[in-house]
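Once you scroll down, you'll see the structures, which are given as C-alpha cells.
Across the two complexes that follow, subunit A remains constant while its partner is subunit B and subsequently subunit C.
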Partner chain A sequence: MKLSKKGASPFFTRSGLMRGGVLIAVLIVMPQLFPQHWIWNMMFFTVLYAAMSVAWNLIGGFAGYPSLGHAAFFGIGAYATASIFKSSEILTNGWQPFFMLPLVGLGCAILALPIGYIAMRVRANIFAIVTITLLFVAQTLGYNLKSITGGAQGAGLSVAPFHLDIFEQPFYFAAATLLLFAMGIAYFITKTKLGMALTSIRADEDKARGVGVRTTGIKVITFAVSVGITGMAGGIWAYYLGFIYPQFAFDPLITIAIVLMTFLGGRATVWGPVLGAAILMPAQQLLAYYVGGSQIYLIAYAAIFLLIMLLLPRGILPTFLNKRRMDSMATKGDLSGTSTTPVTTGGSKS
Partner chain B sequence: MNNINHSNSGVLLKLTDVVAGYGSGMVLKGVNLELKKGDVMCLIGPNGAGKSTVLKTVSGLLPPKEGAVVFEGQNIAGHTPKENLRRGIVHVPQERSLFPGMTVWDNLLMGGYLIRSRKVIQDRIDEAAHLFPIVTERRNTHAGSLSGGEQKQVELARTLIFDPKLILLDEPSIGLDPKSRRLVFEAIRGLATAGRTILLVEQNARSGLAAADQGAILETGLVRITGVAATLLEDPEVARLYLGASTMTRPPAKTQQEN
Partner chain C sequence: MIELLRVENLTKKFGELTAVDACSFTVKEGSITALIGPNGSGKTTVFNLITGYLPSDSGKVEFAGSSIRKQSPGSLYRKGLTRTFQQARVFADLTVQENLVVAGGGKWTNLFGRRITAEDQSRAAELLDEFKLSHVADLYASELSWGQRKLLEFASVLMSKPRLVLLDEPTAGVNPILIETMATHIRSYNAAGVTFLIVEHDMSFVMRVCDPVIVLDRGKTIAVGDPETVQSDPRVLDAYLGD
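And then the complex of A and B:
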C-alpha cells in the first residue's frame, strides 16, 4: 500500500504552475485593458498591498505571529529610498530606484534580525503588542530625526522621468514583480519542510521544539524576510509618491490594511492575501473615487473586520476549500479524502 | 531494520545505581534495571515513586546525578535528548504530544522532521501504517478531533518514524476508557513483536503487567522487585501491596478484559 500522496508531491504541481501562469497573464493584461490613470493607480496599490499581505502572511499567517509593526519597516524602506534618491543626479533613466530595492529590502531584513530575536521571546499575542510599540517608536523617530527624514515637513525624492501617459506603469510592474517574489516564497514554504515547521510553531511551539524544529531561528528569519519585502514595498511607494511624510510612511493603517486583507482572504495560504487585497483595495479606492476623498473606508474596515470574525473566521479561501473537500468526501463516501491542498488550518487564534 | 533478537544475552539498557532528582531532593536513590532487546518492561509503583523520572534519565531530559545509564554498551548518562533520539531512544510523554490543529498525516511527517530523506520518512510511515491502520484511515482528520485512544495510537505510530530501538512510554493509557486502553496495549504488543524494546510506566498496573514481559516495582526511588510480568501478576504479596488488595480474590486482569 503506497501512501505517498502528500509526502512525495512534486515541488511544481501542474495546477500550481497553471495558477501562477494565469496570475502573471492577468497582471500583464489587466492594466492594458484600462488606459485611465486612476485605474492604473488603483491597480498599483492593489498589487503593492497584495505583495505586503503575502509577506505579512509569512509570519502572521504561517507562523502565527501577528506582527502589527510591519508599517515601521514600510516606512524605513520608504525613507531609505528617499534619502538615497534625494537628488536627480543619480536618477538618469528613472529605473535605478527599482534596482536599489533588493538592497533596501536586505537592509530592512538585517535590521529585523535583532528586533525579531528580542520581540519573539514572547508568544504570539504579546508579540502583537510589542511590534505595535515598534511602529510608534519608528514613527516618533521619523518625526524627530530631521536630518534624515526632514521631520514633519516630509522628504522629497527626485521625480521619476517617465512619460506622463505611462507614468504609473513602471511602478505597477515593479510592485507586480515584488508580489510574484513574495508569492514564490510563500509557495516554497507550503511545499517544503519549512511550511511544516511554521505550521507546527503556530500550533504549539513547545511541541515543535520537541520534534526538533529550531523555532527561534526559523521565526526570526521568516520575520526578516517578511519585513524585507515590506520595506521594498515602502521603497516603491516612496518613489511613486515623490514626497513622503512620517504620518503616512509609518501609518498604522498600512498594518491594519494588510492584516485585514490576509484575514479576509485566508491566513496561511498562498492565494488568500492576494484575494483579500484584490477585494479590499479596489473597494477602498472606488469608495474614495465615488464618495469623495473621505475616510469612510475606515468605518468600512472596522465593519469588514467584524463581519470576517463573525462569518468567516478562517477567511474566504480556507472556508471555500474546506467546503469543497467535504463535498468531495461526501460524494466519494470516503472519510480519508485525497486532498493534496497545502492549506493547513490552524486553531482560531487571536 | 533493527534486530529482532529475543535471545537472553542481548542487554539493551542497563541502569546502575542511578541517582537523580530535581533541585536538591533526590527522586531516584540508586535505581538498578536491566532491559533485554525485544522485551517490554512495565514499571509500576505508587505516585511519586520515580517512575517517570526513570524514563527521563534514560531519554536525557533529566541528567542523573550519579550512576550509569548504559545503552548498547555505551554510558549515555548526561547526553542530550537529541543525541539519544539519534541513538534510537524515543520518549513518548504522558501528556498529549500531537499537534491538534494539524492533520494526522502532517503529525506523522512532523515526527520525522529531523530526518532529511523523504524516502526514508515515507518508508517508515508506510511501516507505521501497517501496524496502525488508523493513520491511513484518518490521515486528513485533524489530530485534535480524534479520541484520546486514537491520538495515542497516532503517537505510537509516530515513534516508528525514528526506527527506534527503545521506546519509552509514560502512562500511555492515562485518561482512556477501557476499550481504548485495550487498543493501546494491543498496539504496544504489536510494537514489541515488530522488534522494538519498550520501557513502559503504568498506573493501570494490571493492564500494564499483562502487556509486558518483565515487570519492575519502584518505591520511594528504589527498585523493590523485578521479575517476569506474569509471575508478578500472580504473586499474592505483590497483588496485596501494589495492585490493590481487593483484587486478590478476582481472576487475573487478562481474563477480566476479555469479558
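And then the complex of A and C:
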C-alpha cells in the first residue's frame, strides 16, 4: 500500500478519482448514444444487477460470508414499494417511489439485523445454506400473505407517468445512483480499517476474534447494509415492471446471477462485480435475444462463465492485478526468500 | 512477584473424555513460565480455556485479580491477554504490515478511520524492524515462508502491548537459527515487562528460556518448579516415559 508523506494511507488517490469520474461519465453518456428502448432496458438491468453485485460483495466478498438469500430482501424491497404505491393510486409525478427508496432500504437493513445476528452464528458455508432457507421462507410468505402481496395473482404498482419516449431513463438513473452509492461504500471499506477487519474475518475469523476484531458487530452491520441496498434495487425493479409476482420477486436466480457476476469480475474488489455485471448481463440478454427460441442461450451463457472461470479462476480483476503485482515485484527483485503462494482473492487493492 | 494469572480446578470434558481435569496453577507477573506435558496432556485445551476459545465446565480463571472465565477472546485481548497458535495463523489476504495494524485493536470508531494511520505505521515499523520483516512489509502474508509467518504471528500479538502472552509451540517447525531469534525476542520483551506462558515440546528451549515449568499429564498439574527440579521429578519422568 502506498503511504502518504506523513505515513498514513490516503482516502483518495488521483487514479481512484479518475476511475470514479470516468464511471460517472460513462453512466451518463453511454445510454445517450443509443436511443433504442431495448438498449436502455438492457443498460437498466446491467446497472441494477451491478449495484446488487457490489452490495453482495460487501458481505460475500469482503467478509467471506456467501449469502444465498439476498433475493429475499430484493423481494421484500419490491413488495414494500408495491405496498406503499398501490396500483389504485395515481402519482402526481413519478419521483415519489424513488424518494421513498432510502426508507425501503433502511427497513430491509433493520429487518436484517436480528436475522443476520442469528444466521451469522454459523460459519461461511453453513451460512450459505441458512440464507437460502431464508429465501424460500420469504418466497412462501410471498405466496401466502395474500393481503400484502396478492399471492400468486401478483401485485400492481402505480403506473410511472413518464413519457414513453424516455420511459426507461428515470429508472436507469435511479439504478445508476444506487450503483454509485454501493460502490462508494465498497470504496470506503477498502480505504478504512473496516476493510482490514472484514478481510481478517474472511481469512481466519477465530484468529480475528483473538486479536480484538469485533467480528459479530462488523458482520451483522455489513450484512444489513448489503441487503439494504438489495432491497432498494428491488424497489426500483418493482416500480419499473409495474406488476410483480412472488416467483420473480423472490427468485433464486437473482442471487445466483449476482454471485456469478461477483465471482467473475473478482470478489473483494470495488470494480470486480461491476465488471462481472457488465459482461454477464448484456451477454445473457443478447444471447436470449438472438438464440432465445431454442434455449441454447442458457448453454452459451454457462459456457462463457465456465470458460472465464477455467482460465481465470480467481476472477478477472484479481488475476490481472496479481499478475501485474508479481511482474512489478520480479522486476524489482522483491521475490527472493518468500513463498510464491498467490493471494486467494484480489485482496482489497482495487 | 504478584500473580498475573490464576487457574483453579479448571475442568473440561469432551463427552466421556476429560481433557482438563481440575487443573490448577499460577503465572507470576514478569515470568517466562513453561507449560509442558506429553502429547494429549491438555496443554492446548488449557490455552483455549484461558483465552476464551472454549468454555470450561467448571473452575476459575483469574487475570490480574479479576475472573475471566466467561469472557470472549476479543475482550481478553483488549485487557492485555493474548496468544499465538500451534500452526502459525496469519491473515493471508492482508499484507505483513496490515497484519500488524489489524491486531493493533482500538475503539469501534477507529474502524471508520484511515486504513493505516501514521501512528499505526510507526508502531508497525518498529516491530517489523525488530523482527527483521521490514523487507517483506508490503507482501501478502500468504507469500511468507513458514518461519516468517511464525515471526509475524508473534509480532502481531505484541502490537496491542499485552501484559500476558500465551505462546503455543513457538519453535515448532522452525530452523535452529530462528529458534534462537524467538528466544531472544521472548527474553527481550520479558525484560520490557511482558509475561509469557509457553507451551513447548523442545525441552532444550524450555530449559534455557523458561522458569518456572508447569507439567501437565492427563489434564492435571503434576509438577511445578524450576527446570532442574522438574527435570528430575519422578512423576514427570513417569509421565513422559510411561510405566
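Everything below uses one rule, namely that the second predicted complex is superposed on the first by the 304 of 350 C-alpha atoms of A that agree within 3 Å, B and C clash if a C-alpha of one lies under 4 Å from a C-alpha of the other, contacts with A are read in each partner's own complex, and residues count from 1 in each chain.
The rule is simple: contacts are C-beta pairs under 8 Å (C-beta built on N, C-alpha and C of every residue); 3 or more make two chains touch, one makes a residue touch a chain.
Values in this document were obtained by computation on a predicted structure and should not be read as measured data.
J.: Figure out whether A:197 sits in contact with subunit B (first) or subunit C (second), or with both, or with neither.
T.: In the superposition, A:197 contacts both subunit B and subunit C.
J.: Touch check for A:209: first (subunit B), second (subunit C), both, or neither?
T.: After superposing on A, A:209 lies in contact with subunit C but is clear of subunit B.
J.: So, A:11: does it touch subunit B (first), subunit C (second), both, or neither?
T.: After superposing on A, A:11 lies in contact with subunit C but is clear of subunit B.
J.: Which holds for A:218: it touches subunit B only (first), subunit C only (second), both, or neither?
T.: In the superposition, A:218 contacts subunit C only.
J.: In the overlay, work out which of subunit B or subunit C sits against more residues of subunit A.
T.: The partner with more contacted residues on subunit A is C.
J.: In the superposed arrangement, does A:323 touch subunit B (first), subunit C (second), both or neither?
T.: neither
J.: Is A:146 in contact with subunit B, with subunit C, with both, or with neither (first, second, both, neither)?
T.: neither
J.: Considering only the touch criterion stated at the top, classify A:268 as touching first (subunit B), second (subunit C), both, or neither.
T.: second
J.: Pick out the shared contact residues on subunit A: the ones touching subunit B in one complex and subunit C in the other.
T.: In subunit A, positions 1, 3, 6-8, 193, 196-197, 199-200, 202-204, 207-208, 210-213, 337, 339, 344-345, 347 sit in both the subunit B and subunit C interfaces.
J.: For the complex, which residues does subunit B have touching subunit A?
T.: 82, 85, 97-103, 105-106, 109-111, 113-114, 118, 121-122, 125-126, 129-130, 136-141, 144
J.: Please name which positions on subunit A make contact with subunit C in the complex.
T.: Its residues touching subunit C are 1, 3, 6-11, 190-197, 199-200, 202-204, 206-215, 217-218, 268, 334, 337-345, 347-348.
J.: State the interface residues of subunit A toward subunit B in the complex, per the touch definition above.
T.: Its residues touching subunit B are 1-4, 6-8, 193, 196-197, 199-200, 202-204, 207-208, 210-213, 325, 335-337, 339, 344-347.
J.: Note which residues of subunit C are touching subunit A in the complex, please.
T.: 51, 53, 72-74, 77-78, 82-83, 85, 89-95, 97-98, 101-103, 105-106, 108, 110-118, 121-122, 135-136, 138-140, 142-145, 148, 156-157, 159-160
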